[in-house]
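Mind looking over this structure? Questions follow.
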Amino acid sequence: MLLEMFQTLPQVLIDGLTLGAVYAVVALGYTMVYGILQLINFAHGEIFMTGAFIGTALFIMIMGWGSAIPQILLLIIVLVITASITGFIGVGMERIAYRPLRNAPRLIPLITAIGISFVLQDVIRFIAELTSGNYIVTGPSLFSENINLKTSAISSVFNDASFKTSFLIVLTVAILLMITLDFFVNRTKWGTAMRAVALDRETAALMSINVNKVISITFFIGSALGGATGVLFALQYGTIDPYIGFILGLKAFIAAVLGGIGNIRGAMLGGIMLGVMEMFAAANLSLLTGGIFGAEYKDVFAFAILILVLIFKPEGLLGKPTAEKV
Amino acid sequence: MDILEVTNLTKEFGGLTANKDVSMNVKEGSITAVIGPNGAGKTTFFNMITGVYQPTAGEIKLKGQSIVGLKPDEVAKKGISRTFQNIRLFGEMSVIENVLVGMHNHLKTSLFGIFLSLPNTKKEELQAEQEAYRLLEYFELSHLINEKANNLSYGAQRKLEIARALATQPKLILLDEPAAGMNPKETKELTDIIKRMGKEFGVTILLIEHDMKLVMELSEQIFVLDHGEKIAEGNPEAIRTNPKVIEAYLGSAAVQ
Amino acid sequence: MKAKFSSFLQHKWSQVILFSVFIAVTSSALYFSQKSVVSFLLLLASLLVLHYMNLKKVTKWIVAAGLLFFLIPFASSGGPAFQSYMEVATMVGIYISMALGLNIVVGMAGLLDLGFVAFFAVGAYSYSIFATPQASNFMPFGVYPLGGESFWAFLIIGGICAAIAGVLIGVPVLRVKGDYLAIVTLGFGEIIRIVFNNLDRPINFTGGAMGISSVTPPKIFGIELVFPNQFYFVTLVILLFTIFAVLRLEHSKLGRSWKAVRENEIAAQAMGIPLVKTKLLAFALGATFSGMMGVVFAAKQAFIDPTSFTLMESFTILVMVVLGGMGSVPGVILGAAVVTVLNLQVLTELTNWVNQLSLNGIVSIPDALSPAKMQKFIFGAILVLFALYRPKGLIPSKNKIFDASKLKVSKKTEDIENKDSVVVENEKVQV
């Protein structure tokens, strides 16, 4: 049994890293917004999904004009355009649905968040169905050369693993995005303002920080990252539909909680961990339980992690415990 | 007879010591005050007594029985009730409902009683409502019974919090800055109420307050906290002239 | 003129006359012209009108019972659409009951539960498994399927199973603070569905994705219940019980402690309310009503599979509560009725109408925009618009109004009461 687990390990790691990178970047969006507003932005998963659709549409459109553009350049153009569009969607969403409710009971913004999420799903479905006749869309295949990794050469317990070039792209872009964000938050003026608002909104306002602007910027960056990850997802997995965002968003949220909600590096760590653990569970759950639990239970597994973390270490792996002021 | 005995109570938050080795005894039936500059750890002290925080070390005894480790609702059942520095009313509920919530533990009805609306349940409910009304009359809030707690004036909210706390029929009531934000007239009224309340409800009163006039007028015993430590205790006269207290409030220059 | 008219409307007898005319017209319209969905809906709406009428509570209840038990079933029985009307009315009843259950959790106790359909599923499966040969796969004794008479016992068993599920889910979940609860319950809702979907091996409990079919129909006095009009009455009785129970709870000690927890957890605890126990009770009681209706649903459909218990169902019930007014019993009833009718009747009717128009070439509306597919958009819009502009819903919840004159204790009784309280105080000193 152990042997079988080892055999699949290289492949599990590659798939897990890919998925984990996606979770990590999406988790950043949750964690930034939560850190600053203590709000779970349920609609963030939908921003990710919207990004995937915009990206796919752009790929198809630009490639339709003539495919003289090198793939890498194409990717960069698409990423930038998509990220700006989803960034603005995020800002608009905050304006319309969250800002008026900043002093409402905490239940209310959660409910609008769910509402926004539904509306986005249906609008995207509608547009996709109207333009392509089907709401399930398959994008052009890019970076799809298969690379074989001779992991069996390292040790005979491993099987060989394989991946598409897009795996490297996803990983690289995700890491670049995370490094940039980390730099932005920790080293720039607006990043400092953001941290100040997260700590204490009123005092930050007294220090002449424009709180509304900081919140808008937070939503812009979080949503832009989410949208960009959507593009990466579409690139890696090919087929997308309007409903991919919801569950993936939840998993990313779990990743954020796992790493410590409000903590940016925690979100990255949590994302990668969750991705790898989930792939491991999908590959080995059936093996470990003697066939009683199959790969279908991988979502159950993710939620189980969430519940365990919340009960035993609610501040997450990298978060600091806080006590409510009485 | 001491109703509350606190010995060597200490609370640490990470590296910060909010209370250090605080000991104090509160006499049954007395009005006792805890004073000290901002950030002296007074509210933390209240939070430990009511079970909101668990002390890092030390002992708290109510009528000789340890209450350390109990949850806030269990402490309330033992007979300690409180108000909050930042008012915590049930804002969307009506004034009388707020007081009725305070009676929670004294209503014995079961689920079946509620579903079947048994005569006992009905009678108990009516009695509770009448008692709540009487309490509100005492605090001159009875004309507002159907008003939402949120819509009350600041002073009325403070009074309602005390009424709600009394509804739990406590042996000891902790008032956290009851006069904060009140105008002089309201403060005067409140002082009178607190003075009468102890005897009429058979309750011991422990209060935190910054209004020294109120403190000096009401309290039999005063404890002074500074930087989490008890620096003085005694009757109002002794505290007024205690150099350590003056130093804590005005800085060492004032003493010299 | 306007003032005169409104005072005319305020008058009790003019209200009664207008109301009688209204139900007479709508019910006869429904009876004689069977295709008139509008008159069916208007007849249902008469209950809402009744709610706002200037009558005594008892009178309103009697009139409502008369409408529900006699007039509505009779008026819809005039033709072939009878069963479809009864089907809609039954579903309305089932959803109202569930929404009232969720209202306890979300509206009163302020706990956002996004996996509420799980309890409905537990109820539905508990009856389905034992009322089909399914149970013989794992039960060491007994002959399965159980007979149709067991349905009545399962109404209670299903409710209890759901309550237990509520407690089991609640114990870990309710320790979690505020916002996380939404995510965790959502997770649990999904977990239960995934488990039901895969529990066909190693032992076949639930039939997996295939579901369970040919559930034994309920039996009473030797009559098998198979038609919607029969289930209509079963649902109606349970629904009335639910409404009755929820109303009693709302203004009881328990209802107050739920609201107190919703308003301020720390203060509620300081008043001696145990947080976890109070929240668990909300979970368990809310789940019970849902579980009972799950049993009815399974019996009515005679077939269940995991697709009836998706996330979307949980959200649908939430929409009902938010639309109607969180914490408001009449509001939630209205919200549930509106959303169910919208789902089952209005959207399908609209779709048919739109298709008709497209067929006739009058307008061409793309299939993507067909109203039946717009459910999510409509629900999302309702959630956003109501949260922003009408967070208290269609019929906002009201606090009970107390009559000060009844609470003032008269002089004579006051003396007795005073003696009582003296005794109490003596007791206190002794303690």
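The letters A, B and C name the chains in turn, as written, and every chain counts its residues from 1.
The rule is simple: a contact is a pair of C-beta atoms (placed from the backbone, for glycine too) under 8 Å apart; a residue touches a chain by one contact, two chains touch by 3 or more.
Values in this document were obtained by computation on a predicted structure and should not be read as measured data.
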item: Per-chain CA centroid nearest to the all-protein CA mean; value: C
item: Reference chain A; chain at largest CA-centroid distance; value: B
item: Centre-of-Cα separation between chain C and chain B, whole angstrom; value: 42
item: Averaged-CA centre spacing for the pair chain B and chain A, given as whole angstrom; value: 48
item: Chain centre separation in whole Å, for chain C relative to chain A (CA means); value: 36
item: Residues of chain C touching at least two other chains; value: 266
item: Residue numbers of chain B (touch at least two other chains); value: 52, 84
item: Overlap residues in chain A, where contacts from two or more other chains coincide; value: 326
item: Contact set on chain C toward chain A in their complex; value: 106, 110, 112, 114, 172-173, 175-180, 182-184, 186-188, 190-191, 194-195, 197-198, 201-202, 266, 311, 315, 318, 322, 326, 366-369, 373-374, 376-377, 379-385, 387-388, 391
item: Complex contact set, residues of chain C against chain B; value: 245, 248-249, 252-254, 256-257, 259-260, 263-264, 266-275, 399-402, 404, 407-409, 417, 424-425, 428-429
item: Chain C partner contacts - residues on chain A that touch it in the complex; value: 38-40, 96-97, 100-101, 104-112, 114-123, 125-126, 129-130, 135, 246, 250, 253-254, 257, 291-294, 296-297, 299-300, 302-304, 306-307, 310-311, 314, 324, 326
item: Residues of chain B defined as touching chain C within the complex; value: 50, 52, 71-74, 76-77, 81-82, 84, 88-94, 96-97, 100-102, 104-105, 107, 109, 111, 114-115, 117, 121, 125, 129-130, 132-134, 142-143, 145-146, 148, 164-165, 167-169, 171, 202
